[in-house]
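Next come two complexes built around subunit A: one with subunit B, the other with subunit C.
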Partner chain A sequence: MKVWSKRQQDVVVLAVQGRLDAATAPLFEEQVLPMISAGDKNFLLDLAGLDYISSAALRRLLFFAKRAEDQGGRVVLLSVQNHILEILDMAGFTQLFAIFADQDEALRSF
Partner chain B sequence: MPRKPSNLIYGVDENPGPIALVLMGLQHISLMSIAFIFPVIIIEAIGGNLEEAEGLIRMAMLATGIGTILQGINRGPVGSGYLCPLLNGPAFLSASLMAGKLGGLSLIFGMTAVAGVFEAFFSRLLSRMRAVFPAEVTGTIVTMVGIEVVPLSVRKFLGIDPTHSMPDSTAVLIAMITLGAMACFNVWGKGKLRLYSVLLGMIVGYAASAMAGLLSPDTFRVMMEAPFFALPAVGHYGFSFEWVLLVPFLVAALSSALKTMGDVTTCQKINDAQWKRPDMVNISGGVLACGISNILSGMLGALGQSVSSSNIGLSIATGATSRRIAYSTGIILILLAFFPKFASIFVIMPTPIMGASLIFAVSFMILAGLQIIMSRMIDARKTFVIGISIIFGLSVEFAPGLYRDVHPWIKPIFSSSLSLATICAVVLNLIFRIGIAKTTSLVLTPGENPSEDIDHFMEEQGRAWGARSEVIYKAKAAMIEFYEAAAESALTRKPVTMTARFDEFNLDVDMDYEGKPIELAASRPDARNLLTDPDAPLKLAGYMIRSLADHAAMESVAGRNRVHLHFNH
Partner chain C sequence: MIMKKLPARVESLHELLTFIRAEAKKLGFSESAIGRIELVAEEALVNVFVHGYAGEQGQVEVHCLVSDDPALTVEVHDTGVAFNPLSLADPDVQSDLTKRKIGGMGVFFIRKMTDRVAYRREGNRNILSMTFLNR
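This part shows the complex of A and B:
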């Protein structure tokens, strides 16, 4: 699993590639939670390169979103592939996260 | 229940209305008319005259008209129920030439009827031969069905015919205008324009041909001289039989049956948005219709028939696959057999228009085959089955004289890229099945990172089995979900054995372990409670496992647990 980050105004765009599961989710947290501690609060998670996500990783994702919300920000999802969307929907996460197909539209939502 | 794909204007069960049925029937016959060259080739080879050639074309119309209707029947054992027109294709050409030279038309007709009986018999065995025809084999056959028509299409496109041995620039220009018009009507046209894109393109092509002087008064003389009405000379030449020709005709019948298999498979796929695998019972009906049509061909006095791939390509391109079009096409063909003046209209079609129509239809056909191949996971075994078959199939087209000296009995196999590719694919598939375990296991020890192990294990097996990637993905997800939950919630501290079993219709996974059972929750816990309720993560994992599988069950006896997951394939 790899995470690339770039800043678009006051939003941090995080591109996640590979698999997010019980083994890799802690690595994801290690990279993103310090950003919240440093003052970032709005995150756009680009999941176009995400191959798989397990419920254990979803829980970490929820924790990350909760932390961002606690700071007055939010986490939204971008370019979710169909098989990942099916898992998010199954777990009830499509009701918790805003999901966008277009990056500009996603950025405007903040 | 098949689901109509969104790209179809008239699906297989729909009724386009009488006017559309007539126009689309004519559109199909226009494309089929290209095959009227085969009776002419036979008559020329045996030293017959023009009258005999015209008679054989009219008998072809009568026999293929009946065959096309039989193929469209969707009740009872005969017929695939699809728009799958039949014509006097190349499958019987080689065998018919041998018979014609040995014993004239009566021997061709007698042997064709015998081949039809064999094909009908073979159709009854097909439903038990599912393992012989997995997706990569049928996909290769369908691809080759399209590729086989390429040499003829390109020659016609370049204006090469019995009177022109070299490409002709005027013909190429007309062919480009015709193909361009067909493509424009099909890509940018809506509704009726797309529906009749081939017919409209042909009209543009005829107009261009007239302006270029390709339609001279001489061309129309054939039509003017033909009688308005005449009864077809049914059974005029009688029948005869020759043992020495039995093998070539049986091979031709086998080629025809395999071609029908590929074509009916394509029809199944283009008519069902949720198509997964060939329906062999339906294919049996299609091959039986083809066999009966060949018996009729022999009895009436026509050449052997097989399904027309080009016409299936046309139905994909126009988005009209209604079986009623099969009936209208068949009825018009039968009528044309009685009205030679109208029948001759289809015989005078300029060569470049034929070429453009073929290239248009064949494009769709080849893509349909490639889509079937890519619907499954591919490993080295499948790569060899597909690659080697296509390479040897193409060798027939690239080097026509290569198999000149093979024994006459098996010559039909080597006379067609489709037949050779099909035989290669079937045989290689059977060979490469050796060593593929249908049941396989993976033992995981707690504490290790299982996610990648499970991923590699299932990916490798999926490719070896030729499974659909989405089914393997769901199975992997459920297995990883279970293992992560088992480790995190300490359901077990001992190894977990994961066993996967596969056949074409089912993927079953058993996960055996000692320890506490997992609850496969029927209802989803509230995702918002995942961070506050300590039981919620395990419940969610159980719910996800249950939801990912088509059927999930938990058995627990004296501390030994088995999670059974079933996935429809």
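This part shows the complex of A and C:
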């Protein structure tokens, strides 16, 4: 699992690649939660390179989104692969997160 | 039947999933089916890692059994306290972000993505048996 971050105005774009599972999700959390403590609150998660997600990772994603909302911000998702979308849908996450296919459109949503 | 036994901790996860993936691949499961098998196996394993031994060290075993259906059955064995994960209620997947509880999803995925699932206690062992048909 790797995370790349870049800033687009007041939105942090996080590109996540590889597997988000019980072993790697804590590493994701270690990278992203400090950004909220440092004042960032709007996040665009680019999941084009995400191959696998399990409930351990979904729990941390939910926690991350709640923390962002507590600060008045949001977490939205971009370019989710179909098999990942199936998992997100099953978990009810497609109702919790806005999901976009186009980055400009996603950035305009903030 | 083949089996792999490792310490019941998250550091063992990738090795156990790689073992299961290889067995599923040998049986000709599609990549998307293998992804679901891995996910379900992870949920069962993480339950054991987190709750199985109540903070003490222990072992977990993964057994892969092939049947003529054709199907792959993945069994997760531990010798922790007697616990049937299938007794847990499903989470409310309809609630919104503020009300959504963090947790309970693992067993929900196990129920949704297996063709058959059963828990049994044999002696001092918890055994969660999860079967996937190769359609």
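Basically, the second predicted complex is superposed on the first by the 110 of 110 C-alpha atoms of A that agree within 3 Å, B and C clash if a C-alpha of one lies under 4 Å from a C-alpha of the other, contacts with A are read in each partner's own complex, and residues count from 1 in each chain.
Here, a contact is a pair of C-beta atoms (placed from the backbone, for glycine too) under 8 Å apart; a residue touches a chain by one contact, two chains touch by 3 or more.
Just so we're clear, the structure is a prediction, and the values are computed from it rather than from any experiment.
In the overlay built on the shared chain, the residue A:A65 is in contact with subunit C alone; subunit B does not reach it. In the superposition on chain A, contact of A:I87 is made with both subunit B and subunit C.
In the superposed model, A:F110 lies in contact with neither subunit B nor subunit C.
Applying the stated touch rule to the two superposed structures, the overlap between the subunit B and subunit C interfaces on subunit A comprises residues 21-23, 52, 54-56, 58-59, 62-63, 66, 83, 87, 90-92, 95-96.
Contact residues of subunit C toward subunit A in the complex are 10-11, 13-14, 32, 35, 38-39, 42-43, 45-46, 49, 91-98, 100, 102-103, 105-106, 108-109, 112.
Listed in rising order, the residues of subunit A touching subunit C in the complex are 21-23, 52, 54-56, 58-59, 62-63, 65-66, 69, 83, 87, 90-92, 95-96. For subunit A in complex with subunit B, the touching residues are 19, 21-24, 52, 54-56, 58-59, 62-63, 66, 83, 87, 90-93, 95-96.
Of all the residues in subunit B, the ones that touch subunit A in their complex are 449, 451-452, 455, 470, 473, 476-477, 480-481, 484-485, 487-488, 524, 526-528, 530-531, 537, 540-541, 543-544, 547-548.
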